[in-house]
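Next up is a structure, given as structure tokens.
When the chains are written out, they are named A, B, C and D in that same order, and each has its own residue count from 1.
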């Protein structure tokens, strides 16, 4: 996992924010099963990629909109998590996906960004791209609200 | 797959709507991979279930919110598809999930319902439930807009 | 304002929840300007109505979708507020409206319901109906997340 | 109304797109009542502004979230409409607003942009800003799906 030079406007609360994201990401069985990989972590911005996988298609052979949503949600969740204190966990409260084009490509890229961090709730936006024969096409956008969870043993990092 | 007696207010355009839904569902690799099963099809209402599967959890051990969204989206998409003409395909335009509780349970049930069918766009709502030790708890709601796609070879049934 | 007998499952935290809602509603200039009236308050459920008003139409003569959203948001916000402690204020975090039919009618009814109350965030759903020549038609649904705000002087009741 | 030099990537289908937007905007009584003014029209991008008005506040004295949504929806609807054929009308199918900060300011600016135009549905995003003592602060984002309506007498331009 490559850690980009910070270009975002947000200040992380922990020095090891990128490691914390990577550790938590590694515990997400769903993402591993789908073949998603953490590409980069900056404060408030996370990029994930995934190769096309026939096991995760819908009836027309495209990657399922729900799978696109899963990875977008994860990228946004970790974008939010990257700005949270060390003892916090993150939960998605709500998400909305707008599907712009069928998810057809050899690989896919998912970017999650914090728009507005908050002590309790953080608002994020994400974008998914399909890469096909070198061309990059935006296929979906996500808007989501993430919650900082403190003091709960079942929801940490 | 059990076909319930029709109790909804909607009239299907085809006699074999339940079979068309079942055939299309069977072609959704993502759903098969996740272990989702079609439970019932009525005109404008589809129920899907799924057992807990460690391969689809998030970092706290719950089923990933994106996976819940995937199955809810599918239930709603087929609820819409059940009312479409024989030569139509269905695509999700947008979906919003509100996550009410972590997806903790032995099995999960997903119900998709048509709220307002239309020639071009159909509005649906869905609900997901976790079943744990016999208790049934609502864990998520979905609101989604589905599109009727006609005359496209890459998007049919 | 008529106070219905409580039929919802939620327990209010204050005995005067309906009065608190009515007092706060009366301070919403936007609602007064639009001619919206509080019809009923139960714990976790609020109904508001409004007559058609040419000053609030869009270009085709229907009530503007944003005005429908305004009143639905208000009904949902007060449904959430009715379950909050005495010193809390309520703010909308996010809302989604699905517009099912043009807002054509003599009067309109807006119902807001709490789906899942929480200490910090409360999830609500709303429905708007147009009443025309005695017929009642659902024209919009809302899903919204409301936040309990404590200890802020600029956001109380 | 100032018509900016076109800087967007979209090609309008009519030469008089900006005039058609201005004419239709002028027929929106709700917007006139709220004091909203059309600031600029480019192909796929529309800016509207509005001064603070005590008649449209919520209980804490901020502009009502629904009013913000109304103007954002309008800016996005006209961004979509600017790319439609001459005989088309526009209707909002669904919209989601995320509220980032209370709408406190002397004036407000609302920008609507087309993200993905389509023959039948167009996906738009919008942003609202509060201007207070010279400072400009983003207060809300909108994501919305607009529909091109053809051949309906009750929904044109």
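List of remarks:
In the analysis below, a residue touches a chain if its C-beta (ideal position, glycine included) is under 8 Å from a C-beta of that chain, and two chains touch if they have at least 3 such contacts.
None of the values given here were measured: they were computed from a predicted structure.
Of the two chain pairs examined here, B-D and B-C, it is B-C that is joined by more C-beta pairs in contact. Chain centre most remote from that of subunit D: B (centre = mean of CA atoms).
Mean C-alpha position of subunit C lies 24 Å from that of subunit D. Each chain gets one centre point, the mean of its Cα atoms, and the points for subunit B and subunit C are 29 Å apart. Subunit B and subunit D have centres, each the mean of its CA atoms, that are 33 Å apart. The set of subunit C residues that touch two or more partner chains comprises 93-94, 96, 98, 123, 143, 145. Interface residues of subunit B facing subunit A in the complex, by the touch rule stated above, are 24-25, 27-31, 33, 54-61, 63-67, 69-74, 89, 91-99, 102, 154-157.
Of all residues in subunit B, only 96, 98, 100-101, 115-116, 123, 125, 138, 141, 143, 145 touch subunit C in the complex they form. Touching subunit B in their complex are the following residues of subunit D: 93-94, 96, 120-121, 123, 143, 145, 147.
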